[in-house]
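Two complexes, one shared chain (chain A), two partners (chain B, chain C).
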Partner chain A sequence: MRVNPLVAFLFNMILPIGLMFPGNHYQHYFFLSVASIILLITSKLVRLMKFAAAYGIFFGLSILADYYPNYGGQFFLIFIVYSMQFIPCLMMASLLIKDYSAGEIISSLEPLRLPKSFVVSLTILLRYIPTFRREFSYIKEAMRLRNVPYTIRRPVKSFEFFLVPQLFRCAILAEEITSAGLVKGITNPVRRSSYYDMRMGAVDYILCLILILGLVVFIWWR
Partner chain B sequence: MVAISTDRYTFRYDNKKTAALTDCSFKIMAGEIVLVAGDSGSGKSTLMKSINGLIGETVEGHLDGKLHINNRDMTDLPIYEKSREIGSVFQNPRSQFFTLNSTSEMVFAMENYGFSKGDMDDSLKRIGRELPIGDIMDREILTLSSGERQLLALASAMVLNPGILVFDEPSANLDYSNAMKLKKIILKLKAMGKTVIVADHRFFYLNGILDKVLLLEKGALTCFHREADFKGSDYDTRSFNLFNMDLPCRRERCRKLAEPRGSNALKEGEQPEDVAVLSGVGKWNVLNDVNLALKSGEIAVLVGANGAGKTTLARILTGSLKPDRGTVSTRRLPFYVMQDSDFQLFGTSVESELSIGNKTIQPSEKEKILKRLNLWEYRHAHPFDLSGGEKQRLQIAVAALSKTDLIILDEPTSGLDLKSMGRVVGEVEALAEEKAVLIISHDYEFIRRVADRIIYLKEGRVINDFAFDEKNIESLNNIFIDMEEENEQES
Partner chain C sequence: MSKNLKMKDMVHIALLTAIYIIIYMISMTGFSFLGQFGHTISPGIAAFFTGAIIIFMNRKIGKMWEFTLFTLLVMGVFAMVGGGYIPWVITSVTGAVIADILASRSRETSIFLLAISWGIIHVGQAFGSIVPANFFVESFRTHWIERGMNPKDMDLQISYARGVVGLMSTVGIFILAFVGVYLGYLILRKHLERQA
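Right after this comes the complex of A and B.
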């Protein structure tokens, strides 16, 4: 089963709004649960387990930081807690990046009548992320072959050498992907159709309702 | 009917003083196959971007003159209007796709124009009758071979049924057999009444089928109304007839040298040293039982069809991949120049690029190599500001200064014009004076000029391995014919 990309977009808009109204620690578990349920109903079990493992590590680190507040624990605790808050966002982002084509994402956003330039820019960003991962591996290989450091023991130098090719590749690819979209009529102002059925279903509406109601409840109940 | 016409069309990029295209006037009739030829920097890409409408959208500059497509003035039309008439197939197979699924890519343009699902299905069926797209439907684009990606790019460009198709250097990433397949496809497109415009440095695959040639030289255009007229011009058109080219082999040229050169020069009776040995190497189901020894001072060219395992073999030599079976031994870590040099440029200037990973290099050595490779004037420039040929020369400079004894070059002439390719030949020969060189290439002309040895990889094995000279040209030609036949059988 698939959920509509709009559900993932709505989730990633609602969670940051919810974070602006802290005061109820059930809020975080609510968003975590909804994100986990979405991954479950879309049969992404392996991915859910990976996120669960990552969450477990952060949770362990938060307990450790809490036990040792005088050894920098207080500083790291804030960072760790905020990172944990955004894990549900990453879960939804993984759906958008891995499970939908650029065409499906643009089609799902069509009913919102957003400006074309915004939709196209957002889609190019999502389209670029899997390409970035591949390019990252090519650059790492090239660095190894050139005897250029890429090691955690020399983070600044590693980052400096990695940044140059990555930034320029980013600019080149952005132009190429944009050109590819332009010659295929991506800026056409007519209402876009979809080869795939991107209509919201009952499950999508229920999930949206749960998210909105959840936000209202946690803003009010603090 | 006139498909495309220009009237004193001139274009100058915003940051340039001279125009990329100057007073270009020509007419292309419907159903013609037209070659746009010219060296790097002559204005070919600018002309193609003018035709498909990218000039003005992603490229800023100053435009004069008129451009008409199907008798409509295109100058002020938005690109989505132009794209209904013109389909574009770009050079780079990696980033010319907007989505990552083949079916999604094919329907993408139709979705943008609001086609109904029924019309989209009809269009896909129509394309399926015209092109062999059955095997590439609903696949991840990253898993497609380069020939399949080219086919997908063409199918995606045809879904709106445009009358004009524009190809920008289609052979740059195709081997010989896929380029000859492209010839058949282009003839099919002509039979369908399409106008086909191809901009390319290599045009052997267009031999005998051209209706017109537009030659660009520093932005000025000359129109040849017949292929024969272009062949009779001063422009180097020998590569129309690949296998009959009169090109002296490297061994023949070296025999004419008075003195052997470089530290690899052998004394009488001396045998060249092995710098890398592969013994019984197997990897996945790509390589099976590869046995190979690479020798110092030798320029070995590894040839094979797309997917034969050439890059896999190179990555095994550099240690990026471990073989599943067999052993690899290299004296030192080889220096690998990737096909796309963008991944290997880490410096903020050409000069500083040479020091990266090689801190002991002296300024005098840098100056010597940069002057030899005509890069000294660019020493303060950012590597990413260089042209394709200049970046290639910079990579060769880095390779020449490296401490390795084996340099691997992966398709070093991809996208380069004939002049740049000739320069690469000289630079590779200079590298071979001090080191062993292994080249992966499908560029026949380049192989003819530069190879000492040909290694043919097929079905995961080295099935032919011979010293290359004028007596063995037929063997090389047979390899290319064999690859073409194998490709035809597979399709």
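Right after this comes the complex of A and C.
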């Protein structure tokens, strides 16, 4: 079973709003539980186990950092606490990145009537971040073939080898993505149609209702 | 050349923003050993390593509101992963608008002006914690402690953001961003000349 991408978007918009009204420790566990339930009903059990393991590691590290503040623990505590707070968002982001195409995401956002340019930009940005590693591996491979190494002895040169290909690759990708988008009529001002049926189902509405009710409850119950 | 951002420009800005966010994350993690001081000046550290991005954006796009869209996308991504904080959004977008007015009129903006603009954008980001730490210290402290920060760490961070130390942090962030653009120019100059 799949949930509508809007549910994941709503989740990732509601969680930061909830965090702006802190004061109830159950809030974090509420979002963690809802994210876990969504992964369960979408049959992403292996992914859920991986996130659970990551959460467990961060939880253990946070306890260690608190027990040993004089051994540099406090320095890393912010990073650890933030990572734990982000895990429910990352669970939802994993759905958006791994389980939906860019077309499906744009189609699902259509009813929100957001500026198309912003939606397209944000979608491209979200889809590009996870492909960075692959892009970087292509660049590393090209450098290896030309016998150009990364070395700490020449930091500026190494940084140049890391950054410049990425920037120029972006320029090429921008051309390619825009061309593909133009062919598909992305700049056409009429309402966009889609091959994908991205209507909200009963489960999607129930999940949205739970999220909104949860947010309201945790804003009042602080 | 049209002065409005077109779809291609927006796509280009989105991709450059993705690179910026990745470098921001890497530098934040890499410099986490600096503790609270590192956290306060993290916009400057990120700006130091990403100065080439503003030069590249200006030379390839060079249109009004490019830095504002860039900042809105950065804020959008941070909000989506739980980092949204309204004062931060307000100061960041204000900084970006000023930077746009200063440096987004053409593709040939001077490196000096781009360096100033990059500094303003990142001082705007840093003001998201420096302004509340100076003027709304109690609510700022309570907010972040309730969001999971350790009270001791929070007090340390506030001490880096208040008064003379806060001013020095702001100047430090501006200088790091300014130098970052010149580092970016050093890296990009010959590549852009070759393209031209």
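Everything that follows uses one rule, which is that the second predicted complex is superposed on the first by the 193 of 222 C-alpha atoms of A that agree within 3 Å, B and C clash if a C-alpha of one lies under 4 Å from a C-alpha of the other, contacts with A are read in each partner's own complex, and residues count from 1 in each chain.
Heads up, the rule we're going with is that contacts are C-beta pairs under 8 Å (C-beta built on N, C-alpha and C of every residue); 3 or more make two chains touch, one makes a residue touch a chain.
In this text, all values refer to a predicted model and were calculated from it rather than measured experimentally.
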item: Touching partner for A:43 - first (chain B), second (chain C), both, neither; value: neither
item: Chain B versus chain C as contact partner of A:181, first or second or both or neither; value: both
item: Which of chain B and chain C A:89 touches, first, second, both or neither; value: second
item: Which superposed partner A:170 touches (first chain B, second chain C, both, neither); value: second
item: Which of chain B and chain C A:122 touches, first, second, both or neither; value: second
item: Chain B versus chain C as contact partner of A:194, first or second or both or neither; value: first
item: Which of chain B and chain C A:146 touches, first, second, both or neither; value: first
item: First (chain B), second (chain C), both or neither touched by A:13; value: second
item: Shared contact residues on chain A - chain B and chain C; value: 164, 168, 173, 175, 177-178, 181-182, 186-187
item: In the complex, chain C residues that touch chain A; value: 5, 7-8, 10-19, 21-23, 29, 32-36, 39, 49, 52-53, 56, 60, 69, 72-73, 76-77, 79-86, 143, 146-150, 152-153, 183, 186-188, 191
item: Residues of chain A defined as touching chain C within the complex; value: 12-13, 15-17, 19-20, 22-23, 66, 72, 74-79, 81-82, 84-86, 89-90, 93, 117-118, 120-122, 124-126, 128-129, 132, 156, 159-160, 163-164, 166-168, 170-171, 173-175, 177-178, 181-182, 186-187
item: Residue ranges of chain A in contact with chain B within the complex; value: 101-104, 106-107, 127, 130-131, 134-135, 138-139, 141-148, 161, 164-165, 168-169, 172-173, 175-196
item: Interfacial residue positions of chain B with respect to chain A in the complex; value: 52-54, 57-58, 78-80, 83-84, 86-88, 90, 92, 94-101, 103-104, 107-117, 120, 142, 156, 160, 318, 320, 333, 335-336, 338, 340, 342-348, 356-358, 384, 398
